[in-house]
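The block underneath contains the structure these notes are about, expressed in structure tokens.
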């Protein structure tokens, strides 16, 4: 058994198959994949890695295994899946996932190929585990996969607390011990036992509060859009494949961007934190449906059109349109009066959070600071944004700050 | 200047009039008034006092004074009011406030009389402050009184963080520095500046999550009802006046209850934590309006009727009906797009919290454990409670509760 | 099983005999015994109780039991002993222990009588445990008693962390998980396994740093001496016996002191924090051996002599002479290169801590502020204190502050 | 003014010259320089950067400026020096400092050249500051330079707390607010005011406890030695200059090591954490003086000799001999009884720490795991190490170590 000191969970005991998997290159690579990517540009302390997060998820799944009294091979499977659940992340985690996905069809939880690399699959087999089975658990398949990827998974419990610890934003401070103690299976579904409506709410509330302040902070989004822009160019202008890009670590991605002539200007901007500014920023209701639903190609064309108008190079204009909030019902389930019920039926808070998600939605147009005012005016007009629910940049925003949500 | 070490805010610098007020008997008495009263029976670490809380409120008001650039005598007034804001609390803080209020007409923030006692009023006058003026600030009067008692007051900011620290429940962990940095006055109203919808929400959410788990935990409510019962009896059966009762500290109240023959049985129960149990527990919609609106006397009569039926003494039955949630709109104001707006208009979360408040409402009937089943059945019938939204003690599942030991 | 939320250890699972013992009056009384007594006068947040500390010790012993793989009845015994280890404490914990000891011959860990009261002994027997056996474990008897009372006991691990949490002084922040993981038995002795010299040092260092700043802070010592003075008077002037005094809780002690005419003046001073001041304060080397070794009676005579000189009542003068540091070798043992060695042989730090203990020793003479200068001069002369290593009060010390170690 | 959220100090207000300096490339580069280098291999959460540390030092110097009432240009100078104090660090901070120093003659605090680059020197001059002057403050020159680099500097206060926060090791938890409140100048020297012997001790104790567990953990030392080895080779085998190497960031160093054929094997080992193991590990007294004083060339020769014996390539053997602890007296000064005294004269603890420093000294020989036993035996013999105070790898018990996984 190895004891590892963690800044969040204190001592983590790693043993068995998890201990063996720790030494594989795919796991060690996660030390160099930052958990929150460009959120570092907003919160300078947010330098934690997917490696420590993976250890945390392993730690929490082990506690859940204990609570749920899961034994034998099922236990080993879950521990392996927990530790490996993020090995499919590309550099800067989610930041360029959409780019690599467009080329490879794979999101970060599609780890089938990686899990079949020799060092991992040999290790798994040594402990009697089937790699394909573990890959399936990671996407949330089967009853036990809900612990790894589902509404009540331990992944989220770890990242909320860890991101709060490292950013310094307190909103993610959930009571993960109580959540795990409350877990139970009912008819094959992972639910929270009686008396836990509140506990379930607190998990969703924590995420809802962290979202605009941390995960969707506009400065992080701008830097992410620039990085995505650079990554797209890399694939277009060099012979680096999307599969190769996805297997880089943060180090290699940045050094490559600096060296390739078509991306070096963006790389320098990121290195020196000379980020684009918001030329325009609009609420959901102010954006015409046809803009919200623009395809990848249409967005690139609109960018080019704005760039032409500004007489600048097309990589200097970024249109950032997040997907429409799906408003799927929260699928968390809680036992109330002996029945399994949807949390959303029990909790007025949860339905409000769904509304809030839409209200927090913003689209943006980002350009170098000096062109912001002109680009804002032009883009607003071009895209038919309503002026009431948007703003155009007329001033400089602070560079390294957290304290502006709406500006 | 005196530097005081605080478990929540680290070092608190106390100077000027605040330093002088600290040495008055009325302030020192707060060392022996527990902040959360019977919440100690649920959270054993919740032994913090009104004294440390008052220091915390003084600390935060001093930070707000700095942010808002308040000078001279206004500054001194606010610091005095912050430090003194809780001197009107009776023993066990809010726990027996309703009892003393019925006799004296005074709530804890009615401190006019106490503030005019010699040691305090002399100290205030020495620093050029008028005691009546300070008493008014404490009830939230005038522009600056909003900092002491209002929707965005520093009182709440301190107690949420402090109660979270001492109970161990993380939900109160707000970002009080950011809240204070965001404060501003607009047209004489205390509001949060632009970009703070989220910050305001987090304050209300924190309170909403702490409420059922800490402040209204059913075990704390049972113990509080027993204490209130005992206090009422004390006033009826002895020549202790309500005014005297209100000026006792926790020590004296408990020792007195142990000594008076009519209260010693209840005192022993509290000392040994042999609390009453819930005979019946009902949701808002399950309770007929006439029961929710019963007067003090009607409730006592209903208790007596149940006691007669159970052939027990009337102090062994407690009916606990909280006031109907007022559903007043949240009056927090935030600047959005240059206008002062109601937070409730901007935030779907806040309206949900108002709904949640009603949903969390419960009435209870408490009796000694051995009579619980019988009392529950009888009370349900007597009061016309609907069975769907209530439970009688034989179904032991608590609805919204943390682990409640010895209940 | 009951889950209790603790501000230090988060969730504590209490089961079996421990769960049953929790409901006994002797355990519930500990809710009203403050852990640090008059340290509250220095650190306003230090209001934690022996009850929460006892739960913490139970929690840590359970972890140690797990590490050491202790099974069956031995496990139950240890858990009972851990939970009960402080039931012998009088009001304000150690503060008046010397007084009650002089009359009863019993320190706080002499719990034989209390453990044989019906509610506890019946509970123990129900779980197959012998009360006398548990009482012996509490004084550190037998191999396993070392876990409860010994150089490496879990008692100390809990109180250092808990006292740090509640005072806000960070020096007690030890790595208790690592300490417990390192515990092992070698030849019947509790030792720390290989690689733990550092871990053992940190425990001793933490205590050494907490000592002058928290446990022996001069303001806490003054208040303690006043409380002791008052307690002595209570025994002399009333028919309250030392055994009764020892079984009071904090509430009853304070209310009694207020009511008895011979102690009410001291009680009022404590209630209002009008503490005596140091008239004189002297280092070890400045105090003649005959003074350091004065008997109880000799000290009282010297106090009376000073009081006569000051024309005041004898309870207004307190001479406070701590015992000479015993300089016993630290008996912590650590495995180094396969041998059990004394920590003091391995660690230069530990020997230094023994020297430091002597250097931190101070004797004091305390009187009401207005007599301090005169009393200091007279006492220095009377007791033959060397002026180099002492000081006489010439000024007022701050009342509610931590920041003066030497003044 | 910009407000930055920090995981350690919460909100940091950055303004004036500091705000302007933040946007220079030299400062932004520090985001990609890890604070603790290879300590990451022991503590997976220790991914914090020099950037956040520099912000912390700026924050603390601003507090010290307030305490010491430093005004005008002196204030601006100190704030600039605090923020810039680490811009001279090479990749992985101290890890390859000795290598670049041998070629360039510059340690990390020699920032004269960097501070004269256009973006920084222009910014400084705009605020009326002289770059050379700031560079001198950074090396501790002048009275105020003591705040940046001296026995009581704020640099150390930040890193101890920050390193504790991110590693999870609690020993660095000092009371930095109290330390800063205690600072004062006496005869041009930065000292701690009366009553702070304890405070000063705690700072030194914290560092002494962190040293073997964090900064000198043997696994971090092994990885550091491997990195140093690789860096030396890079300078020898490529045309990268030491000055260029020093200006790389972590990203570029690692990617370069991977690409250069002479270093790619070591880079792969570091990427995959297949670290060398200790073949031999010896205490100070066991190592002959001539070995402890070996020159750079002599050490390389000894390594080559062992490599020849093992029939392996010379980069596979590393001899790691730390400098002899200098045992300089601690120069911290504290005011005691009105005089400025050396802390070491007042504190038995501090002299013990000097002894401890020597006792914690270890030299090591590191090789790939499979050669460890053979290399250990041969090296012990070759270097004339006494067997009593050393171990060869077959005895696997580490002497003073935290759990070291994959070692």
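All chains are identified by letter, namely A, B, C and D, in their written order; residue positions are counted from 1 within each chain.
Simple rule for what comes next: a residue touches a chain if its C-beta (ideal position, glycine included) is under 8 Å from a C-beta of that chain, and two chains touch if they have at least 3 such contacts.
Keep in mind it's a predicted model, so treat the numbers as computed, not measured.
Of the two chain pairs examined here, C-D and A-D, the one linked by more C-beta pairs in contact is A-D. In terms of the distance between Cα centroids, chain C is separated most widely from A.
Centres computed as Cα averages put chain C at a distance of 40 Å from chain D.
Chain geometry summary: the mean Cα position of chain A and that of chain C are 50 Å apart. Taking each chain's centre as the average of its CA atoms, chain A and chain D sit 33 Å apart.
In chain A, the residues that touch at least two other chains are 3, 10, 169, 178, 403. The touching residues of chain C, counted against chain B in their complex, run 2-8, 10, 14, 19, 22-23, 25, 28-29, 31-32, 40, 43-49, 51-52, 55, 165-169, 250-252, 254-255, 258, 271-274, 398-403. Listed in rising order, the residues of chain C touching chain A in the complex are 3, 10-11, 177-178, 181.
The touching residues of chain C, when paired with chain D in their complex, are 169-171, 173-175, 178, 194-195, 197-198, 201-202, 205, 208-209, 212-213, 336-338, 347-349, 351-353, 355-356, 359, 403-407.
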